[in-house]
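I have a structure I would like to understand better, so I am pasting it below and will then ask my questions one at a time.
Labels A, B and C are assigned to the chains in the order they are written; within every chain, residues are numbered from 1.
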């Protein structure tokens, strides 16, 4: 705890020193660099996804059983495959570039959908209480009790595989978590002074929700959504393994990592490279999320 | 009077939820595939397939099947597992101790690291510490659990020969799966706690308090941590729920005899008595956990009224 | 202190210390007692051998129970609990029981026991997944306590295999406790008896010193389920496990490279092939198209690259260790140009749309093999829609004849006979057959009740030649089973996937 205490004092130069200390300006520049880097990562990933056909050196679907499991050049591999090839001899670099498309599309749509539904329901439950809340809590508990795999397999059996199904199932598994967190935060806000005064002056309900609740819920929403993106990229791969996802030859980061699992002891890069791609995007999104929150907060003094 | 009504309503919704949930599970298990097809050998005839269906009672209408299941379940009898021939609920409950052992151990390590990490991040946003904390939190979340798990095994079991690679036994067996799982848990707790801390430390009344020279320690614990605690407890509750349900990947990598892998195997085998028993068990646990978190909120933050 | 020394003689103290040491370091004692630890992918689901429907379960029960006949290491049928057997007439078979064999609980084994065991398996109320193997049995008689007479409904050369395969259970005990309890506390005549079973954790078997073929060399066997391949190999490397099943081919070299370990192989009875739906019209009803698909797939490359060479390319859906296998038949060579030519002749020079489905996680490298096949199909211009399906969904669709036009499927049988392979895949009306050819139907029906082995073999050769020419399906390969074994274990793998610890020894 001692560290925390010291940090706190340093971090919050109070009335005594009005000007920011040297250390805090250093921090800001570090934060600034991190944010720039994060934007660069996201931009690069988006560009890769959009311009995949131009950027990818080789065809990501082209199999070659002769050229399988080639090592990346940084582990001593040679030849045209910079990041090596997978178990079917497909170029990993090209698959990573193409993989960004579906992985990002599915996880971002899934996170947004889950976030929208979860936040709305959590807000409604927390704000209005009563039987609405009771029923919603019951549904949340039910949702949390049904194993993800059961939901997925049922869907495999009754529908045709496709991207819509993936997004649907990610939303279905994700919303309940949001709803619980947002409801808890809403319960706190119900008693906040600014909400009470807004009610006292007779502000319209939708304005109260929009102006007082949402901005204060936003930090948690951003955090949860950016965490979910990483979670959903990984989850997507288990769906394609169950036959619910897209055709297995279409690359996604999650399925690339999962396919490499069998080879982890001998060909570690197969799982590690897509894993690192997920990690860097997730890290960048979280960094941007933190920065965005500060920018959006009118009270904030820190400017990235 | 009001209290009694509230309680009655709560019980009524709980019962309704359980009935609805078992109906959903029932329908899911019935439409997702045919257990008879999984039971018969590959050289069976079509007549034998039909016979197996009849023996399993699958030739009757869905409502009739549900009534049989429900009347049994009311008496605590979920039927015999198709795969094991043993009472379904017994099989589920037999996996609970191992699951809880791993869940609590992982949760303990995970939260013990995540909470200080989150506080550190929140108190010093945009610092090097914050960046490191963010890095650790998201690394555990983004890298697949099996990646972490197998790496840990290669290091601690094969290279250093310090810890057993898999299975359940003494405390030593618990360390690697616990570690792999805890790294995965840290992310959400750290990040949610950080968000709350940053938020509250920026509130006007905290600034005012600081201006009045109130000790930082007191500020931190009285206001900031209390404020962050509600979000943190919610996330911890959610994580605990999914931990008790079992952690399939960790259990698979470390051959841990837990509930997660068992339920997934049962789903894959369409062993519906076990799936139904498992889902209902989970429903009770999750309802308990979520009710408990709801009861904890007002204790943590006096402003919260549930 | 002084008093203590007077009262307790030094010898006693030393002895006590030894006992304490022995207790504390109990591990040492068990090492002396020859223990073997075996890791499979999953735990046994039951220890009732009549209820087993998967290999890992049968591997465990195979050490606790005996049957009337057994397979030698080279898969020859030989006497076990039955000392001999003979065919009385077309429909009747006679088995003579061994003398003085007792179950672990002391119950006597005789022909009545054998009758009970067979009838138990056939009883629909038991819901045994193996019941169908005795579907041809009309009646079972016991003229005297040493003789078992089995009458079949139709003449069948497979009766000894089917009857000889059934595990023998003690009637008194089995009836007293019922099937659910029996599955937890099995009693057999086998070389091992159950000591302890902690679900999903371990099964410990203990040597049966009174075993009728003599006491086993290995005193204790531990079966551990370790689902993840990497973890199974890790445990083998740390020495916690002596033998692991299901080693993937691409890991074989890294195991062999370690000084204490080696990979042991045996040709499996499992074959992998692609089912073609020929009965629903469409392009696959055309023989030329089916031949084109056979020419398009490079089976040699698949076996070499994806299976590390551990596999045999097949020309028909029959493994090389099954009765009736035709070694002269040549597999379709890899000739994509010829494939395109045939497609052109059939009027599909532009290719056509086709759904191709494969199960995932069911067979060794199934998803990879299916993807490779899919790549070859696309090379000749066929526009496939390729899906992997979870096994439960896949098999439900397969048996309901709701399967895709092309499906990757595996098949294995411990009968080592052509019938379960060719009949199920090529005889119209069978649940997993998507093919119809009246000539093949006739040949298969004739072979099923042909008692002369020479004649029967000739019939099966004919079926294989016809099926190959018609390109009834795409045969891919026969698997090889790989085991990772510690050098201290003396053991030969078998083609029936059994791990019989009785045939095993451990070097000191």
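Throughout what follows, a contact is a pair of C-beta atoms (placed from the backbone, for glycine too) under 8 Å apart; a residue touches a chain by one contact, two chains touch by 3 or more.
Remember, it's a predicted structure, so these values are computed and weren't measured experimentally.
Shown here, the protein chains touch in all possible pairs. Most remote from chain C, judged by the distance between CA-atom centroids, is A.
Distance from each chain's C-alpha mean to the overall C-alpha mean is smallest for B.
Taking the mean of the C-alpha atoms as each chain's centre, chain A and chain C sit 44 Å apart.
For the pair chain B and chain C, the distance between mean C-alpha positions equals 36 Å. Taking each chain's centre as the average of its CA atoms, chain A and chain B sit 20 Å apart.
Contact with two or more other chains is made by residues 153, 156-157, 261, 264-265 of chain A. In chain C, the residues that touch at least two other chains are 230, 234, 390, 392-393, 396.
Under the contact definition stated at the top, the residues of chain B that touch 2 or more other chains are 32-33, 146, 150, 154, 268.
Residue ranges of chain B in contact with chain C, taken from their complex: 32-34, 37-46, 48-49, 51-52, 55-56, 80, 83-87, 91, 94-95, 98, 146, 150, 153-154, 157-158, 161, 164-168, 252-255, 257-258, 261-262, 265, 268-270.
Against chain B, in their complex, chain A makes its touches with residues 1, 3-5, 7-12, 14-15, 27-28, 30-31, 34, 131, 134-135, 137-142, 144-147, 149-151, 153-154, 156-158, 177, 180-181, 184-185, 187-188, 190-192, 216, 219-220, 222-224, 226-227, 230-231, 234, 257-258, 261, 264-265, 271-272, 275-276, 278-279, 282-283, 286-287, 290, 293-294, 297, 299-300, 302, 304. The touching residues of chain B, counted against chain A in their complex, run 9-10, 13-14, 16-17, 20-21, 24-25, 28-29, 31-33, 116, 119-120, 123-129, 131, 134-135, 138-139, 141-144, 146-147, 150-151, 154, 187-188, 191-192, 194-196, 198-199, 201-204, 210-211, 213, 216-217, 219-220, 227, 230-231, 233-235, 237-238, 241-242, 245, 248, 263-264, 267-268, 275, 278-280, 282-283, 286-287, 290, 293, 297, 301, 303-306. Partner chain C is touched in their complex by these residues of chain A: 61, 63, 65-66, 68-69, 87-89, 153, 156-157, 161, 240-243, 247-249, 259, 261-266. Interface residues of chain C, counted against chain B in their complex, comprise 42, 45-46, 48, 51, 53, 124, 127, 129-133, 135, 179-180, 183-184, 198-202, 224-228, 230-231, 234-235, 237-238, 240, 390-393, 395-396, 398-400, 411, 413, 420, 423-424, 429-432.
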